[in-house]
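The two complexes that follow have chain A in common; it is paired with chain B in the first and with chain C in the second.
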Partner chain A sequence: MNIEKIIDDTKAYFCIECGICTGSCPISRIDSNFSPRLMVENLLLGEEDDVIRSKKLWSCLTCKACSSRCPASVDFNQFIMRSRIEAKLLGENGTCTHAGTLKAMMELQTTEFFRKSKEWIPENFKVTDRGKFYYFVGCLPFFNIIFKDINVKSIDIAVSALKIFNFFGIEPVISENERCCGHDHYWIGEFDVFKTLAEYNLKTINNSGAEVVFFTCPEGYNMFKEVYPLYFGKLDFECVYLPNFVNEKLRDGDFSFLETEDKVTYQDPCRLGRFMGIYEEPRNLIQNIPGIVFKDMPRNRANSLCCGSSNWINCTSVNKLIQVERLKEAENTGAETLITGCPKCEIHLNCALFDRDNNYNIRIKDITTLIAEKLGGK
Partner chain B sequence: MNKKDPEIIIFACEWTPYIGADNAGVEMQQYSPFVRIIRVICTGQITPSNILTAFKNGADGVMIAGCEEGDCHYIVGNEKCIKVVEETKQLLKFSGIEPERLEIKLFTEVDGSTFASIVNKFVMKIRKMGKVQTEVSS
Partner chain C sequence: MLDAGRHPNIKIMAYSEVEDAKGEAGNFKVKIRKKARYVNENICNACGECIEKCPKKAPDSFDMGLRDRKAIYIYFAQGIPAVATIDKDVCTFFLKGRCKLCEKICKKGAIDYEQKDEIVELDVGAVVIATGLEMFDPSHLTQYGYKRLKNIITGLEYERLINATGPTGGHLLRPSDKKLAKKVAYIQCVGSRDLNNCNYCSSVCCMYAIKDAMLAREHDSESDSYIFHTDFRNVGKWFQKYERRGKDEYGINYIRGRVAEITEDEEQNPVVWYEDTIERKVKSLKVDMVVLSTAAKPSSDAEKLSKMFGYELDENGFVRKNLPYPSDTTVPGIFACGFSQGPMDIPESVAAASAAADRVMETLAGLKLKKRA
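On to the complex of A and B.
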């Protein structure tokens, strides 16, 4: 096993046993048996079975709440990811959520014959096959089918993106050959699947002649911007999170927002916030919508609480409690709408919202959808 | 096996259709050699991931064989499966695989000839559609 390499690469040996990670971890707060500090210690002390063979290995959300505060800069996310690769080799596995549908759906995309249908594109929108600007749709069409039962219409995000593109006179490339970004397989230690998906994506985008690739999903954005280059070298195109692009247009005074009446708060997705450091742009956009009342939750920006689940594994009552906690926190700001920047936050928080045991007076909306609704005159 | 031969997976519930498959053997009914039958306790056990994985691994058609409506031994397993099939057809459609390649058939009879003829009909349909496209156009 490559235990020593894991320790080396993640700088686990620097750990000073302060326990800040466990104190920061949303899972540990509810499940006292889960401790990132202990995992690091166990691996250092050679008790690797307690880490690699443990079911707890699969409970980590990879939300970075721990590593972003670690005084010794131990990269706990890498630690988990690498340990999972070892665990997979030993036949260990997390428990797939949604009966494995999402995982199977992503693996279907590793086949040569897979073609992502463009049927979701409404007639009156302008898109193209080749050009300078590429829109990475990602898994939205599939989420839209799988999560319709909890009233999540993920495809609205993609349609909203098209509305934004066309508003600014851009005809984005949308490709049938695009695959899932590989985010989830990367984080659950199935490196081969991730690599196959990434190779398809790079080939597709390079063939389209794109110079700029736009994202509405922070996971895809993070994968392309930070992970792909680690394995495939510098990319031939620029990656842009679509709301950031709109934010620049706003700053340049290219357009204005329509007036609205809404009280909102904002959920920082971990991939966007703690991973990529994008905190202010979405807030700036929201606050520039005339008439909107914005109030941050007590835990915001780098201290934001994860939406409770990631990578489509190990969703338990612990995860549900995290979501309930977050929804209550959002409600307590007096907000009627919780804005988030990630399609998965939207799904996970809606799942808790859908649970009729609790009555909430809040709804969830993606920031791309919000922008598209409120685009005003130029 | 010829490269052009279709590969077809049948998930068969053990209470009705699987008995039919057994009887087909006893009655020496001939049916297409391109099918592989996977026995399940009830169609309610089948998830979209089972079907998607079959296609990922090269299936050209997937048939789900269950018990008649109102006759599921686990009460609503087959009704649940009908919903699963609907959802999976959507997922297939958005993946460039014709949704007609997936079918659910509910069996009322356990005799071998019924099983053989239903299977043959499905195989014929898939043969007409050909293999799941493999040419590369990217």
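On to the complex of A and C.
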């Protein structure tokens, strides 16, 4: 096994066993059997089985709450991902959520596969097959079908994106050959699946003549911007998170928002916040919508609490409790709408919201949807 | 300090800054800006009448801004020289051109609004750098909530609160409601031993946190202290015994684990979240006040000064020691001592100061002998 290499590459040997990681971990706070510190310690002590063979390995959310505070700069996310690769070799696996539907859906895309991914586009929107601007739709059309039963209409985000593009006079490329970005397989240690998906995507985008690729999902954005270049070199196009693009237009005074009435707070998605350092742009957009009352939750920006679940594995009552805690925190700000920048946060928090045991007075909305709704005059 | 002030061969130039330096061992020319106090140092006897009557207030920097001082002020009671200074940026006369109340009140006529900065050129044989330290600002470690949550203070602010001459007369009144803080958490290594901030142990915080917790118990027999630490680094003589005394005689709770974050309840009580690494459990603790044992950094002028004199700094910005002579800098004739060279406590600083003085004498005597020969 490549245990020594994992320790070396993630600088796990720098660990001073201070416990800041475990104290920061949203899972550990509820489930005392899960401890990032002990996982690192066990691997360092040569107790590999306690890490690699353990079911706990699959509970990590890779939310980066631990390593962003680690005084020894141990890269726990990489530690988990690399350990999972080793675990997969031994036949270990996490438990897939939603009966494995999502994982299967993504794996199917590693084959020659016709996505029919344009059917969702409403008639009056202008899109194209080749051009300078590409919109990476990602998994939204699939989520839309799978999460219908918990009242999540993920495709609204994609339709909103089209509205924004057309508003600014852009006809984006939307491709039927596009694949899932490979995020989930990357983090659960199925590297080959990730690589195949990524290769498809790069071929598709390069063939479209795109110079700029827009994202409405922070996971896709992070994969393209930071992970793809690690394995495929510098990309031939620029990656832009769509709300950031709108924020620049707002700064340049190119348009204004419509008046509205709402009390809102904002959930920092881990991929956007702790991974990419994008904290202020979404807040700036929200606060520039006239009539919106904005209040941050006590734990915000780098200290934000994860939406509770990730990579479609090991979702248990622990994860639900994290979501409940976050929803309560959001409600306590007096907000009626919780804005998030990630389609998965929207799904996970809605899942907890759908739980009839609790009565919530808050709804979840994606920032792209919010922007599209409130786009005013130019 | 008083001894140095009274010594016939020692001249203290307080409220002054080095502007330029040239030369070599035995023959340095140093240009010093003696800043205008707008009070004649030779006349003022620090009676304090002007301060009492001055109508303008400003945050007291010596008290870490925990209370206000006047526009005319004495930096701190034991300071040398004991004279008043006018803060030009705050004083009504300097801002609006009228007031002059202090001039009317001063019976000795020490106030001089016309005073100008003075440039003094000194010929010196050797220089000792003793620029000390500056506290690390923990505001960007947002998980600890410094400046965001009211009842979170730094170790230096705590020192002013527990000090009898401080803003609360030595009572540990917490900032939010001025109620006596009975349950206090001390958080070690805030910025220290952190690869993202200060990549070294500040070396003094373990001891001062224990001392602070002891003082709290001495002031109030019901006080409860919790020191969150990675490991204690009490390396001096009898320091470990001191740590034991803290636990046995003062009932201090030592908790092994770096604090992950601090939140706040409805009554503005800080809630400390941490892993108790001995019990291997994530816990939270509600306290009245939190003291952050922040890292100590080289003074902010250290780099400017090093360029002026031409000596090297190390990777952390401290004066590089020219080993095997720990008092020497990389420039002959320039020596250093105290925290300017790296983390050290008071006894070590005193020893380093004596060593530097010794090296100065050695150098100057050597040069004299050489000249004679």
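Basically, the second predicted complex is superposed on the first by the 376 of 378 C-alpha atoms of A that agree within 3 Å, B and C clash if a C-alpha of one lies under 4 Å from a C-alpha of the other, contacts with A are read in each partner's own complex, and residues count from 1 in each chain.
Everything that follows uses one rule, which is that a contact is a pair of C-beta atoms (placed from the backbone, for glycine too) under 8 Å apart; a residue touches a chain by one contact, two chains touch by 3 or more.
Treat the numbers as computed from the prediction; the structure is a model and nothing was measured.
K.L.:
Taking the superposition on A as described, I'd like to know which of chain B and chain C A:Ile146 touches: first, second, both or neither.
P.N.:
A:Ile146 sits against chain B, while chain C stays out of touch.
K.L.:
Now for A:Lys55: first (chain B), second (chain C), both, or neither, which partner does it touch?
P.N.:
Touch partners of A:Lys55: none, neither chain B nor chain C.
K.L.:
Which of the two partners, first being chain B and second being chain C, lies in contact with A:Ser24: first, second, both, or neither?
P.N.:
second
K.L.:
Is A:Ser32 contacted by the first partner chain B, the second partner chain C, both or neither?
P.N.:
In the superposed model, A:Ser32 contacts chain C only, not chain B.
K.L.:
Quick one: classify A:Thr204 as touching chain B (first), chain C (second), both or neither.
P.N.:
Touch status of A:Thr204: first partner only.
K.L.:
Applying the document's contact rule, which stretches of chain C touch chain A when the two form their complex?
P.N.:
Against chain A, chain C makes touches at 142-143, 189, 193-197, 230, 256-261, 263-264, 273-277, 280-282.
K.L.:
Applying the document's contact rule, which stretches of chain B touch chain A when the two form their complex?
P.N.:
47-50, 52-53, 55-56, 87, 90-91, 93-97, 132-134, 136-138
K.L.:
Can you name the residues of chain A that touch chain B in the complex?
P.N.:
Per the touch definition, chain A meets chain B at residues 96, 99-101, 103-105, 107-117, 119-120, 141-142, 145-146, 176-177, 200, 203-204, 207.
K.L.:
Could you please specify the touching residues of chain A with respect to chain C in the complex?
P.N.:
Touching chain C from chain A are residues 14, 16-25, 28-29, 32, 35, 37-38, 69, 71-73, 298-299, 301-303.
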